[in-house]
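There are two complexes below, and they share chain A, which is joined by chain B in the first and by chain C in the second.
After this line comes the complex of A and B, so read on.
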């Protein structure tokens, strides 16, 4: 009997998150390869080659959510990483330094002994992709240089116009083929194209069930609490090419569908307003942000960040142009107009009454366009919005009281609009 | 019917009692804020001035940074909504509100009906707030009350950064040691606060009438600087420290009527 039989989605999530880390530890112990990967870099190639995958962004988010970020940030500080650098990167550099010190001296530094960080092994190679930011290039180059290991880079041009031109897809497909060649050299064996097809199919099944979950936010009242997407996204990032993600997401989507049928909603009968969250979560204060909004009876029913992993493509397309398109159409890799269109569609589908824009000190790419995006969207749909200051993993940037004041004012504006409409 | 608005700020506590949603019977300010004896003292003063007791008050709305820590409130409403409500009551033609308090600076844009169109607040930074002025007053060996008068005597404006309180403080010290006149520096400090607040106002679009409120609106030097930056007249709300409490008392009146 399967270990996971009878588990609820929440238990599956915890089980498979640990299992993925355990897989990597066991691979390392066997002498097999472990790869650290950027969150939206394609895992399909490495998984085809049987390489265990670890995702530093997810790992850093987990450290942040478990209140362990400061220790790792301080290690990175001491190495000279500026506070203006991405905090995912700084947490990861701090963690990597601790692992490196352990490997060299045989002694775990105290900061690591006391850390709530998930225990993951050092990589034998890294793979990165600039489809969500260019910091990921320097970050992974640094990892590779510090550890003297190969770095596979998949270069994805920014889409200044939409739709995505064919030449861009052709270029990215070439980048994929180049990554495959590099992996063949690193692994010392030819790429298994038959297995690759299976991995692509698996990825598509994971994505399908991931989208089923997000779709549940369209119902009013909503059976889905949008903050759950932040919790469950660990698996769409880290395990989308394994069945871990598919099993968990299918279970969660099924549970939500059953709840919907039974009239069980996320906020019971307390859902008054609905909002969109734009940007990465404030991981070290995730509970506070959720509880503040719940206290105001406002539910998140739209967020584009977890939707970054809506990586649907044609798994039968041997040219890989369809897969290339999936990995380049990420809304933060596209022009402002497309970003606006993506957010408008999410707002409409989630029937939201307003938006919270996270002005994230770490993520310049996601934040710097917020001002313009918010104004254009306000002009188009007239819905109120608010901007809140924070950071994805540096707990020092967020101020709970400032957050509470801003979001309460937003909720008051949303309620005033609803009252006026009635 | 009497209703009460309590605005527990970071630097001061304000309690206002309203009769029948229109007449102010007490508007008391104590210059210490949340976590201090300020709210209780302001409350006691308001009861003393009005001759009322808790039993006379039909509904209490708390606002401000310490709104959730004020015991006995029937409801908490954000200071953004309360300031807008209070200002619209006092100045119905207001379309842009600049509110500078102890640790927050905000710009609120109103629609033709007095509803909030949009608002923008300072980030996690003291530049452009009342706290900034307090720090500068200490370095300049003056008091907040004296600053506007000294600003009026300035012959020039010494440039002071508006991006960071700590950097601005060191700039002030450097200007002082270079022999720049204290009055000119104070004028520069006021311009620094004004440009920060106006930056927020520009984001929502500045439309007349522009009304200033919050404790810093009591400083005529900052008001002159804001008017200069925006190139428009600026109306200072009557008793600007209590407009949030007034808005809260107005919300309390509406809620009490529904009860």
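After this line comes the complex of A and C, so read on.
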């Protein structure tokens, strides 16, 4: 604890991100289990069992942000992965192949030696959940097959009607119980239900403080720069069942609250317009997207993507239906109507003036309904929008020039609307 | 015209003119048709209403224009065609459309139907080993049943449904036999004919289809099989169309001795088992039994091994992977399968299936050099 005392939120973020990877490396060295997990799969079961967790999507995003994606994409390409497969998945399969080669030959391949990738160990098991896409089923099938390790699947059926029906929750809760039995077999010891309760409580505290941060975007001017949510996301993904996330988010939310009281805002008085970002960040060009918008005095105060991890549930519910609901209600796992409702609420809360839709080459689920979503929302609240091409880790898809032209147009529309309203 | 030719030509006509098949059915029975989106739906429920289940598998060579507004260029080729046809109103005569959502593309497509027919969406459970998955699917099927009854104004009785299950099981069994016969008699059942027999199945009542295919099998088997001096392949993928592409197989004497196409053999792979449970439960259970398909989750990844077994059993020379353009579930399966083929020394070739193209010169060259290498 003393190590982190007095650290600012930003320092805590960096510290705990490294620490999580370090935990996994140490676990591996001790001969303990390491699990690779889909980003919104429930970690509660593995963490209860003391298994160290690594999140390939976050890991791949990190590689992308540090401009190391191309090397890993090329390894995946040589293994037969089509450019059409999600680039998180391809970066991760490339990385996994490098680790596998190292394990077999004892020699690190050149691309790995030169990679800016955080050093994480191979998994002993994987856990996946399709609440953000079915791609994560295919990707984890491949990890399990190529490494010959167990794969725990939490299938949350697409909610084509809302509200989420009881029979879906019952099916998911049954899979939770099944995952627990799988883990008992894998670990060779019984599940610790008392610890499980503590882990659920911990997760809820992390989620609580995560939501406190996002809530700060409702103020006008905003003390929160929405892009910070993208930076802090790493911990809500990778450490929400540990106190790492709670400590960091609490510190950040407290800082923001103090700033608000002191009248310190993210854009220091330069906030002219506010926008919603819909979709995943363009990690390799995160700086460009942020700076362009900042240059136009436009601040992001709404985004549904980090809100995927608003996984609040009743930790005392022994049926686990509440937890099942939390993991299946993710807005992209629901019908178009609900998706629209979720975005409308975010826009209203963040008092946004318009939306940037990221048409993500990697992500079919987060792209193929953009046109309909945008049209319905425009009809409801009249706010302008633009669509920009990108990809969350394959750096080749995003075009800075296209981005700048489109967002310039958006900002002009937003400013014109404001002028008209005055 | 021989009997065999007559039956094949009848099936080819139906395969080529689904609209006519539907109109004829309407004229004959006074009932309409229900669209079945790929890949799997409990068609037996539709059959039990007396409506004609019609498969929706895109079109060939349609250039994409209206669909561009609604789908980016990286959506799979078949759904681009389906979207284009929706925009043109091509499916508006369907009394209803049933949508399963086993891939990310279909989840989205199920929420943006541009036609006028009412859409029924349901989700397959993917943790298929669990009994809870069967229970979940039974409830989804109950909802399909209720919506079908409401949309069509027909009651689906257990008796009618049990009868439909028998009809479908028989059709699947006969089609599995047909696959073997086609492998033994490639001179009689060439690639184009083989496909037509499968495709016509999508636009006919299955009992009628069964009767025709039975007759066809009997006629073909009446003469002894001749030795085949060409090559033999197993094909896998979503679908292998159009006839111009299959003509190339014929030209280079490539016999399709077995397939794992979503449009063909995956539809007939598993039956609905007999048992004490109710029909909806048994229908649900058949999804649990499904294997070797890119949209039926399998953490053991058995598809490559299944294809290798098919290749060995049929004595095939190679596997041809017909890759639907931009189909990510299939693309994710490929690297693992490919590695397994290589490890077993089984030759394979991947060709791209793009429903928008109408020129096949490139595929032709590739198939030709592949055959020469075998």
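Here, the second predicted complex is superposed on the first by the 421 of 422 C-alpha atoms of A that agree within 3 Å, B and C clash if a C-alpha of one lies under 4 Å from a C-alpha of the other, contacts with A are read in each partner's own complex, and residues count from 1 in each chain.
In this text, a contact is a pair of C-beta atoms (placed from the backbone, for glycine too) under 8 Å apart; a residue touches a chain by one contact, two chains touch by 3 or more.
Everything quoted here is computed from the prediction, not taken from an experiment.
Student: Of the partners chain B and chain C, which touch A:304 in the superposed model: first, second, both, neither?
Tutor: A:304: touches no partner chain.
Student: What is the contact status of A:158 with respect to chain B (first) and chain C (second): first, second, both, or neither?
Tutor: second
Student: Between chain B and chain C, pick out the one touching the greater number of residues of chain A.
Tutor: Chain A has more residues touched by C than by the other partner.
Student: Output check: A:413 vs chain B and chain C. Expected answer is one of first, second, both, neither. What do you get?
Tutor: In the superposed model, A:413 contacts chain B only, not chain C.
Student: By the touch definition at the top of the document, which applies to A:79: first (chain B), second (chain C), both, or neither?
Tutor: second
Student: Go through the superposed model and pick first if A:171 touches only chain B, second if only chain C, both, or neither.
Tutor: A:171 contacts chain C only, not chain B.
Student: Could you tell me if A:371 is touching chain B, chain C, both of them or neither one (first, second, both, neither)?
Tutor: Both chain B and chain C are touched by A:371.
Student: Counting only touches as set out at the top, which of chain B and chain C does A:405 meet: first, second, both, neither?
Tutor: The answer is first: A:405 touches chain B but not chain C.
Student: So which bits of chain A does chain B touch that chain C touches too?
Tutor: 359, 371
Student: Contact residues on chain B for chain A in the complex?
Tutor: Of all residues in chain B, those touching chain A are 65, 68, 76-81, 104, 115-116, 118-121, 123-124, 203.
Student: How about chain A: which of its residues touch chain B in the complex?
Tutor: 359, 371, 378, 384-387, 389, 397-399, 401-402, 404-406, 408-409, 412-413, 416, 420
Student: Using the touch definition up top, name the residues of chain A that touch chain C in the complex.
Tutor: Counting only chain A, the residues touching chain C are 79-82, 84-86, 89, 93, 130, 133-135, 137-142, 144-146, 150-151, 153-155, 157-158, 160-161, 165, 167-168, 170-171, 174-175, 178, 335-336, 359, 361, 363-365, 367-369, 371-372.
Student: Which of the residues in chain C come into contact with chain A in the complex?
Tutor: Listed in rising order, the residues of chain C that touch chain A are 69-72, 74-75, 101-105, 107-112, 121-127, 130, 132-133, 135-136, 139-140, 294-295, 297-301, 323, 326-329, 331-336, 338-339.
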